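Just below sit the structures, each encoded as structure tokens.
You will see two complexes here that share chain A, one where it goes with chain B and one where it goes with chain C.
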Partner chain A sequence: MALLEIKNMRVEFPGRHGTFTAVEDVSLDVNEGEIVGLVGESGAGKSTIGNAILKLLQAPGRLAAGEVWLKGERIDQLSDHEMLNVRGKRISMIFQDPMTSLNPIETIEYQLVETILTHLDISEAEATRRAIDLLDQVGIPNPAERIKQYPHQFSGGMRQRVVIALALSVEPELIIADEPTTALDVTIQAQILDLIKELCRSRNLGVILVTHDMGVIAETADRVAVMLRGKLIELGPTQQVINAPQELYTQSLIAAVPPSNKKIDRFPKVATEDSEGSALQNFDLSGHWLVRGDTYSTGGKSLLEVKGLKKRFQVTNAILARNRTYIDAINDISFDVQAGETFGLVGESGSGKSTVARVITGIYPATGGTMRFAEHDLTSAESRAEKQKVRRDIQMIFQDPYSSLNGRMRIGSIVAEPIVVNKLAGSTEERKEVVADLLELVGLGKDAARKYPHEFSGGQRQRISIARALATRPRFLICDEPTSALDVSIQAQILNLLKDLQDQLKLTLLFISHDLPVIRQMCDRVGVMRHGDLVEVAETEMLFETPQHSYTQALIGEMPKFAK
Partner chain B sequence: MDRIKRALDSDLFYSYKSSPLALVSSIVAAILIFSAVFAPLVAPHNPFDPGSLNLMNGFSEPMVPNAFTGDTFMLGTDDQGRDVFSTILYGMRISLFVGFAAVVFAMTIGIVLGLTAAYAGGRIDSFIMRIADVQLTFPSILVAMLVFGIAKGITPVHLRDQVAIWVLIISIGLSDWVQFARVVRGAALVEKSKEYVEAAILIGRGPAGIVFRHILPNVLSPVLVIATISLALAIISEATLSFLGVGAPPTSPSLGTLIRVGQGFLFSGEWWILFFPAMTLLLLALSVNLLGDWLRDALNPKLDD
Partner chain C sequence: MIYSILKRAVQSVFVLLLVGLVAFSMFRFVGDPVDNLLGQERTEADIERVRQELGLNDPFVVQYWDFLSNAARGDMGVSFRQGRPAMEVILERVPATLELALVSATFAMTLGILLGIYTAIHRKSWISNAILAISLIGVSLPTFLIGIFLIYIFAVELGWLPSFGRGDVVDFGWWSTGLLTWTGLKSLILPAFTLGLYQLTLIMRLVRSEMSEVLKQDYIRFARARGLSERAINFRHAVKNTLIPVVTVAGLQIGSIIAFAIITETVFQWPGIGLLFINSIQFVDIPIMASYLMLISVMFVVINFAVDLLYLAIDPRLRDGKGA
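Let's turn to the complex of A and B:
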């Protein structure tokens, strides 16, 4: 008998525009000592299944049909009061964000001991001993001392370990881990996944691992369930699903995952109904407005040269200079970018890679060092108008597609704004034509101009963002984590689009990402950043095959391997 | 047509349709505002036309035919024989005009200073917001009285009655800009850190373009909420000032003036001269306030789901 059995589960969210079925007819079972991966793109209903098992659906969501059995006992009909004995005690949950799943005003000890005492009938001293023991098991050094500390005194990875200890504290039979490593850096992700795997084996736990990340599934899960729009479309052993997917959707999903072991030219196009925009189709650009910009030679030198760049932020203000505190986001980094290449910057959160982008574009002033772009010195003090002439050539695509577009403007005005501000079009007709062409070029079609940003999905918004950046006729495009907020199939489309645009418009790219497989697909050369330092710069293939610096070696060693 | 269809389909309109409180209070407010704006057409008498008054009609009880003339007044008459219903309509006109104008004035100052503080940051921000903090330590009615007193002191006597309404608007507006500035600054700080502002910098928009084209349209929904609630408060402030005798002059009486005059008759039995203006003020302020309350909930993104 399986540990957990879900039979024909159906979850509905009644709303203003009719009833939305988030989960439809899903049947799934989890055995003891087994990790079942639940994978799918945003909105597929994978988290909803986890919440429905625990009866934690947000109102007005409800379990409309189906049964949930835990060890032969039906739990979907239990009252809220009876559920208290299931939640936390028999089924625990690990949430995505370790920053918010612990109570910041209580010590770790209080939170662990309180949980243990609620569910188990033991003395407080015994509970404390048990809590320390748990922290030790999840790999927290000096557990007896650290248990007295507050959540903010732990790093993100350590905090997620505490959350896991909390989930284990009452000896559950099943753990539902909802994107447990999504908020963590890649080196910590590997440790947490190993921990979950090890605990699953040693305690014979059942684990449901909800994630959007195929790499995580490939490394961790025994069986995979693939979800698409609320339906479970494929279920099987991990190796079989990854290597020989049966369903068209699974095939396209797996084709879209950037392989970590080799560079491919373009992501293969697998026909799905979900394609959000067409790719470039023989768009004749010769003599077009887009390629009519000023050209200037770099005289055989690099297009962008950064020397000894420093950026320091003031953290606290004080009247006396010596009382002010600073943080150095970038310490003395130097690199150059050749015309036409894609230079990658990779690093974990807080390594300063986004700051580099913002200093180059001039959003933040540099604290020290020099930057040369073609024949212009970007750091010298020039008038705003003169600066703008150079800056027009450097544009940026942002990470968050939801905050990078002004929600009160129509798409047409958003894309036209750079043309208007820089007076790049001779007439209103020309401007309208160029905007229509740009929208066509990024695969949205010119009808998009009349709509507002909220009518578009994340991937489509990112295309609008690209069209806006291209509207100044830039030569240098900075992509700051352009796909980290997107689903993997959309990511593949956007990355293909960027490559196509680069070829057609002879763009130079600075590509910033924390995602190593993506970097491998996109970049010619890569710089690795850590705590504001550039620790290694190398050709992409050299970097992945023979990393020199110990930090690069660690990064590449820990990245989830996904090879087809 | 497209816009109307979009508006009818919006979440805001849906929330409006499904909130009985919003429906009732907006209908009440609409009736009151309509009858005030079209007072000359709606009112049965013109209380400012001495020719139409008959002193014999003085102190008529509501709905009771006058003993001397046989005329019937729905809400009675005052000592001069003025129809209370008509004076209320004309008074409400002044109250509403002062309220609206004061809110627009306060809103303009508040938005400009709030946006400046948020976008400039640093010392300018500290300077503007400290002034706001200091002003908040005084009750707003005191600030309004102070401004009113100074204005009265510097205007020539023969102009006083003519400028009284404008002085009232300025003094209420000046006492009320702080909350607009605070709300706008807070919202603008959030918007300023969003990536579309960085994108606007990169394409070469100057500070004014960024503030007015990009940030301002995105901070308007909280401003709308504050403006609605402020309208109710401004109407009450105006009534308070007029009640204290420092507001609207007797030649153009507002609801507050009517209440002040009416209270003299309360204990001599002519309760209606006080009661009906007071009830009108209550209905007006309450309906506008409830509307603002609903708007705040409806526009709050946190309550979306």
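Let's turn to the complex of A and C:
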């Protein structure tokens, strides 16, 4: 008998404009000691299944049909009160973001002991002992001391361990892990996945691992279920699904994952995606507004030259200088970027890679060092007009397409704004024409100009960001994690678009990412950052094949291997 | 942390100096107290004598310096009307206002927080909707109208409660309290309700929206997934997180309850500092007005300071010197 059996599950969200079916006719079972991966893109309904099992669906969502059996006991018909004995006690959940899944104003001890006492009839002292023991088991050093601390005193990886300890606190039979490592760095991700695997084996737990990341599935799951628009389309042993996928969608989903072991020219498209191909092929750019404007002669030198760059942030304020504390976000780094190339910066969170981008664009002033862009010195004080010109030539695309566009402006105005500010168009007609062309160029079509950002998906918004960045006719584009908030199929489209634009417009790119396979596909040369230092700079292929620095070796070693 | 407390203290001193300047400039530019003090049958000599006594003939800078150094010692000058030290006159009235403010703040906070929590948890119930609809009245009707309305119903028509004054008071040293007598308590009900109604609705709406926001957080979902009861989730996890932003607003509101007591005190003829202030304006009794201004600003500064400290007590994230 399987540990958990889901039979013909159907989840509906009734709304004003008809009922939306999030999960349709899904049957799935999980055995003891088995990790079942649930994979799919955003909106596929994979998280909804987890919430439906525990009856935690957000109103007005409801389980419209189907049955859920836990060890031969039907649990989908239990009352809310009876469910309290299932949640946490028999089935636990781990959420995606460890930064937000713990109550920030209570100690770890409080939250653990509270959970234990809710389910077990033991004394408080015993519960505390058990809590310390749990922290020890999930690999938190000095558990007796750290248990007294608050969530903000733990790092992301350590917090996720605390979350796992909470989920394990009453020895559940099944754990639903909803994107448990998505918010974590690659080295931490490997540790957390190992911990989940180890716990699954040693305690004979069943695990449902919900993720969008094929690499995570390949490394962790025993069996994998692929979801598309609420339906389960393929189910089988992990190796079989990855090496010989039956469904077209699965095949293209796997193909869209940037391979970590070789460089390919373009990313394949996912079969079912709503086609938004780049319009570049039928776009003649010769003599167009976009390629007019000043050109630089770099005189054989590099386009951007960074020497001994430093950036220091003050963390705490104090009256006495010696009591003030600082963080050196960038610690004396030097590199240069040649015209027309893509230079990658890779590193884990907190390594200072985004700070580099912000210092180059002038969002943060540099603490020390020099930066030269073409013939301009970016660090020395120059005239306002000259600064404006450099800013126009260096543009940036941000990570989060949801917060980087003003929700109260139409797309047309958003894209036109840089043109207006820099007085780049002769007349209103020319400006409108340029905006229409830009939107056409990034594959959205000129009708998009009249709409507002909320009418677009994440990938489309990132296209808008790109159009906006191009509106100043930049020579140098800084992309700060441009695809890390996007699904893999959308990521492939955006990366293809960036490559095409680079070819057509002779752009130079500084590409920042934590994702090694993406870096390998996009960049000509790569710099590896760690704790504010640039530990290694090399040609991309050299870096991946023969990494020199021990940290680079570790980073590449931890990257989920995804053999096809 | 010591840094931020000191920074606060320095800021507070600046605020007080600025209010002091405003208070002082009233002496120079608002009306002429001599007219009120001496009445119709005065001679030029009388006027000159009084001006000399009150120091009104000294140069501006000397007067300002005198004002500041006296104010620092708590000496705000002599009331033009009563001929007694202004601070003494004000302090006599302080207990009445503070008791009124305290009772109405307690009323507003308790009921506001409770109703806010209720309406946040039961968002869609008809009781919540009714509470919210009624609360609109509290926000939109002016205080004096509510006061007059209440007097009409409970004092004039029903005759249950007194319409003005403080009732009997008991003295403890310089503090006189109305909380220990039956008439004192009865007199407190209407003004306290009137004064607190606006704050009540404000706090309720604030708590409701903050708590709705907190209930959407991941740690609440995670708490639910761990099998904690709704009771534990709502009252142990959600409420405490809700109260962090509420503390700031509530703190400022206590300040404004004291300051805005003027209208309520006038309507109910409550013998507090607000009523004293209004009467002083009629007589251009500038020392009283200046002392009132100073006293209110000191209270605001102290309350703000206390709120900052309270923040540190509630939110462990601020204790490590991050933020703040």
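Convention: the second predicted complex is superposed on the first by the 528 of 564 C-alpha atoms of A that agree within 3 Å, B and C clash if a C-alpha of one lies under 4 Å from a C-alpha of the other, contacts with A are read in each partner's own complex, and residues count from 1 in each chain.
Throughout what follows, a contact is a pair of C-beta atoms (placed from the backbone, for glycine too) under 8 Å apart; a residue touches a chain by one contact, two chains touch by 3 or more.
Computed from a predicted model, the values in this text were never measured in an experiment.
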item: Touching partner for A:Ser427 - first (chain B), second (chain C), both, neither; value: neither
item: Partner chain(s) touched by A:Ser79 [first = chain B, second = chain C, both, neither]; value: neither
item: Touching partner for A:Pro418 - first (chain B), second (chain C), both, neither; value: first
item: Partner chain(s) touched by A:Arg392 [first = chain B, second = chain C, both, neither]; value: first
item: Touching partner for A:Ile363 - first (chain B), second (chain C), both, neither; value: first
item: First, second, both or neither for A:Leu405, with chain B first and chain C second; value: first
item: Touched partner set for A:Ser123, first chain B, second chain C, both or neither; value: neither
item: Interfacial residue positions of chain A with respect to chain C in the complex; value: 54, 56, 83-89, 92-93, 95, 97, 100-107, 114-115, 118-119, 150, 152-153, 163, 166-167, 169, 315-319, 323
item: Residues of chain A touching chain B in the complex; value: 16, 58, 358, 361-363, 384, 388, 391-392, 394-396, 398-400, 403-409, 417-418, 421-422, 465, 468-469, 471-472
item: Residue ranges of chain C in contact with chain A within the complex; value: 2-4, 6, 217-219, 221-229, 232, 236-237, 240-241, 244, 314-317, 320-322
item: Chain B residues within the chain A interface of the complex; value: 11, 14, 194-196, 198-206, 209, 214, 217-218, 305
